[in-house]
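Naming follows writing order (A, B, C and D), and every chain is counted from residue 1.
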Amino acid sequence: MIFLASDNWAGAHPKIAAGLSHHAAGFAEAYGASRLDRAVAERFNAIFEREVAVFFVATGTAANALALTAGARPGGVAFAHREAHVLEDECGASEYLSGGCRVQPIDGDLGRIDPARLRHALARLGTDNLHAGQPTAVTVTQATEAGTVYPLAAIAEIGEIARSHGLLFHMDGARFANALVALEATPAEMTWKRGVDIMSFGGTKNGCWCAEAVVLFDPGRTRDFGFLRKRAAQLFSKSRFVAAQFEAYFADGLWLELAAHANAMAGRLAGRIAASSALRLAWKPEANEVFAVMNRELFGRLKREAIFYPWAIPHASAGEIGPDETLCRLVTSFATTAADIDGFAALFR
Amino acid sequence: MIFLASDNWAGAHPKIAAGLSHHAAGFAEAYGASRLDRAVAERFNAIFEREVAVFFVATGTAANALALTAGARPGGVAFAHREAHVLEDECGASEYLSGGCRVQPIDGDLGRIDPARLRHALARLGTDNLHAGQPTAVTVTQATEAGTVYPLAAIAEIGEIARSHGLLFHMDGARFANALVALEATPAEMTWKRGVDIMSFGGTKNGCWCAEAVVLFDPGRTRDFGFLRKRAAQLFSKSRFVAAQFEAYFADGLWLELAAHANAMAGRLAGRIAASSALRLAWKPEANEVFAVMNRELFGRLKREAIFYPWAIPHASAGEIGPDETLCRLVTSFATTAADIDGFAALFR
Amino acid sequence: MIFLASDNWAGAHPKIAAGLSHHAAGFAEAYGASRLDRAVAERFNAIFEREVAVFFVATGTAANALALTAGARPGGVAFAHREAHVLEDECGASEYLSGGCRVQPIDGDLGRIDPARLRHALARLGTDNLHAGQPTAVTVTQATEAGTVYPLAAIAEIGEIARSHGLLFHMDGARFANALVALEATPAEMTWKRGVDIMSFGGTKNGCWCAEAVVLFDPGRTRDFGFLRKRAAQLFSKSRFVAAQFEAYFADGLWLELAAHANAMAGRLAGRIAASSALRLAWKPEANEVFAVMNRELFGRLKREAIFYPWAIPHASAGEIGPDETLCRLVTSFATTAADIDGFAALFR
Amino acid sequence: MIFLASDNWAGAHPKIAAGLSHHAAGFAEAYGASRLDRAVAERFNAIFEREVAVFFVATGTAANALALTAGARPGGVAFAHREAHVLEDECGASEYLSGGCRVQPIDGDLGRIDPARLRHALARLGTDNLHAGQPTAVTVTQATEAGTVYPLAAIAEIGEIARSHGLLFHMDGARFANALVALEATPAEMTWKRGVDIMSFGGTKNGCWCAEAVVLFDPGRTRDFGFLRKRAAQLFSKSRFVAAQFEAYFADGLWLELAAHANAMAGRLAGRIAASSALRLAWKPEANEVFAVMNRELFGRLKREAIFYPWAIPHASAGEIGPDETLCRLVTSFATTAADIDGFAALFR
């Protein structure tokens, strides 16, 4: 079998596993107060070139939902791309954990919020309309659910909209490293230097087994966040084992290396698809997800040898998809090999 | 330093760490659908001698809060011992995640709910008092926060109260294995055979680094629980790494062996204290926590060589504690050695 | 000034005011247990030709939100027309009071849910998709926000969809009486005989000053509703004064008479608009709201003599609206007089 | 029958009923924007001798719960007297509407929080204990559930504790007027001049049929409160009819006159009890509630002629109550007559 279903089907990178084992023995403070926790927090400061507050949580969904909860206000409305994970794949966690704040979908091509539509939605909502509610936050996903990335200028533009409307600006970085290497940007350039206030920093999809964090750039929001996380049952007692994963993840640039590999595998796959007449790219991949259109016969044939899924995009950016065609998502990861890609490509060559 | 602060200061047992590493490579279904997840679910069935539903979550607090949320109803009131973790140490997670259900403290000696007081509280609340609210659940902690255990008959008595009042009966088993070996009971005998409907099954304090689960004995409550967990951001994508910990935890009875060791270390420590005139046992330990009363001079001296905490019991069961005395909690774990205990005892001999 | 802004700008009908005064003196049981409360509950049974459970609440928003909360489940998704009050004008009350359940917009012409789109949305969501959430309820507004009504067969069709998918079927009857007289149907025919499980029964817009109720047709949901209402701070202590309003409202068919009058005034206004070349009907009114398209010059002129609002319809059903034209909503009520309409019509004749 | 069950069994005062009828006709802005709403808001400013923000709500429970919600923070703990309405009689509304914040009981004699116990609870909770939660608010009831009042100095003392711990200081004024006339204080002296930040201002128990408001003295909390109220479904569309009640309530000092009458009736009743050997005062009444201890025989006899209830006080301040005795609550109101009191007294003379 060739595994292209999702990057969370991959296991843990050997160095991450070794990092965990390395720290298994011995005693240490619980609940994030250990030396290792503190060292990793320092590492985050270095990575972001400023003092940040880091809160480990169990899942990317937790990171997103608690970040939006940190920005919640009565009658609040957050804005997300229509295909965002927070809207489509988190079972209403943000609405639940925020006590009922709403997440309003905004359209835009290829998984990216269209700033004009965001401005329009904000203008329509207003700021003092008790009946409609008040705007509180905007969240972008970097890399997006469509396997694309926001250019730095696009992040800055949304950051400016957020700033001028008093919105919390959140970035869902479940595939942060993939976006970083795609843009050849620094973490600082892709976040707070473009107006991001808070982010979900994901390591799980890129080689950790469970390493997710909320990073706050805005110290004013830090005060209550510790209570918010604990109350949401997201404070690990043996927190240092998340720290241990991040320690290994950051050591010698492993995280960027793994993301670069995953992106390269996606590029290799995209190249094979582009060169084939049996199927076509739905759009140009920019990170580690490839979207392809194929007919049902081919789909059925590939499914016997590989695991991947059709993709239901509510507002297709994929051009015309014929009645007997299927749009599919193919995800690469740190664990995908060139042989996997070549084996898969051999099936449709 | 000698570490007696909490069992969650210990690391991961080498076999647990090895289990994680063993499964690090390869691809598998995410979100709990992998072969390993399913095998471990079967293992839970075997352990409980019946079909159960198992849901991994990130923390013991999550397990407790989601269990009580599963039993929540409008205006609901759950009952817990006044010193229960759910009341004292979870930052209101149960109230938050259940959408505002309340947890009412019930007194009782040595961490155990007094059934008569529970009956009295239920009688006072009634079942149709719109102003006061309706009773929904009762939770017991086994082993308790006071390091004692409920005898099987006591569990059965509370189970009968729960049944006759239509309450969900929850057991917080953060130290389940310690209680099991203390009572020499089977998991079935200590839970559903005594009326328990749902439990928090903890592995973290007993040698895992992060292995907590909600176990449902009542199939009628299973339907919504998956949504409840996902919505609470507690569904791990790489769930199989929790499964991997439980696999190793259960293999060859490791879990009971580790708990027996922790309990034995507590017994060893209790013996040394009982034999000393420098301090005294507050009460007889039954699992892996020892409570001792010492004067401040000794307390200060021991604190220089060991890490442990004073214990603020709202309703003391400790007899008279003098004005210059301190009640302290000393927790042993799988990682505590006889040398640790003897070294600690040497400090007060 | 001529008042066409909303039916909630009208005051209280003299008979309603007299009813309140009539019951002002004397003592009676609080919290809904008085003789008058019980008599009015009986009246509801008679009106609906079956035993129903009636719960007075303070606002239509409360009725809607508590009804949807009664049907809430973890990860729940309710469906409403995109222009529904519950989505556009209630500040997220349903999401808040239900603990984060979501309300998903469904399109459809003229304020009515398109059953095909509802079926499609249900098929897309599925029933066991932990990531997307589970469907829980569907709500229709009768009469709709567009001043139209669902024919009985349309209600039955949505009722059948609800039944087959296990959804709670809710009707927002803020303008229930206006729809009843428009359809010449009985309350039973327009609700439970077409599959409605629970409804918001509004009297405020039709001549009461504050008389809103949740009516439950499904006895299985009654048990917890009393707690739900009390917990949401919606149980009036002097409940009998809501009952007093309903008593007068129902006496001698006053409620239907008032609604018929309001509808007739809307019809009269529509006739004047249809007969004028200065503006046009956006669509045919069926209850007590008239939507008209006029140019900005006329809009400005009318606004000097009358109070009414432009209407922002997200998904226009109004045909082409020119760049210098405005879509306006004109609402009649029990208090609107023929002279009001004629005076207004004189402005554009 | 003689009615002494509760002041909410009384109807509406004739002047309040007349005020409602007076404003019944005509059109006016909905949702609190009418001229009458604004005039009454000005009246509140005059009454409190400063600019305040006034938000009408449906019930006293709503006022209390939204006030505490306005002060809620993650993991928050509010403090209330153990017998407070918010804890005993509101079905968990504060916990529910605040998204799970907890209300911790504080003991104290005769319905009044003991400042020393409050300080102790705050010291025990601390400010940075993630596990225990953070303190957010303190609420006092004036007049208390025990029919007593806090002297001004006691309010100031709790106000100072609140200020120094960063707590929101809330006053539940369901019987505010009764306390005012008992203390011969001004509204300003009894609230913001003693540190109160926010209050529940009740008119319902004192002659209105439904007139409750939240009054905010702290402008910083005003911004979000409008959304908070609307989202909680507590914004009346025909808000001006609450305003109409308050207009009549305040006119010519009616509210103080009614409260003085109710208190005088309680005094008259207390005098009769004190003069009788058949029963005794449990403690000295200070507002409009009298607590008496009688034997069961007398209790049974009185119950045949009058409506009143036994009172279950969790922590009795009533001295010794014999095994065959009953503690009873007798509540007077604006509608209680001297003849009622004398008739009741004749039963035990």
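In the analysis below, a contact is a pair of C-beta atoms (placed from the backbone, for glycine too) under 8 Å apart; a residue touches a chain by one contact, two chains touch by 3 or more.
Bear in mind that the values here come from a model prediction, so they are computed numbers and not experimental data.
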Response to the item:
Listing by label each chain that touches chain A and chain C gives B, D
Worksheet entry | Comparison of C-D and B-C (more C-beta pairs in contact) | C-D
Worksheet entry | Relative to chain B, chain with the most remote C-alpha centre | C
Response to the item:
Expressed in whole Å, how far the mean CA point of chain B lies from that of chain C is 50
Discussion item. On a C-alpha centroid basis, what's the spacing between chain B and chain D, in Å?
Written reply: 41
Worksheet, complete the sentence: Distance between the CA centroids of chain C and chain D (whole Å) is 34
Response to the item:
Contacts with two or more other chains occur in chain C at residues 31, 74-76, 90-92, 96-97, 99-100, 130-131, 133, 227, 230-231, 235
Worksheet item: chain B touches which residues of chain A in the complex?
Response: 1, 3, 5-6, 8-14, 16-18, 20-21, 23-31, 57-62, 65-66, 90-93, 96-97, 204-205, 209-210, 227, 230-238, 241, 307, 335
Item to complete: State the interface residues of chain B toward chain C in the complex, per the touch definition above.
Response: 31, 73-76, 99-100, 130-131, 133-134, 224-228, 230-231, 235
Worksheet entry | Footprint of chain A on chain C - complex, ascending | 74-77, 88-92, 95-102, 124, 130-133, 312
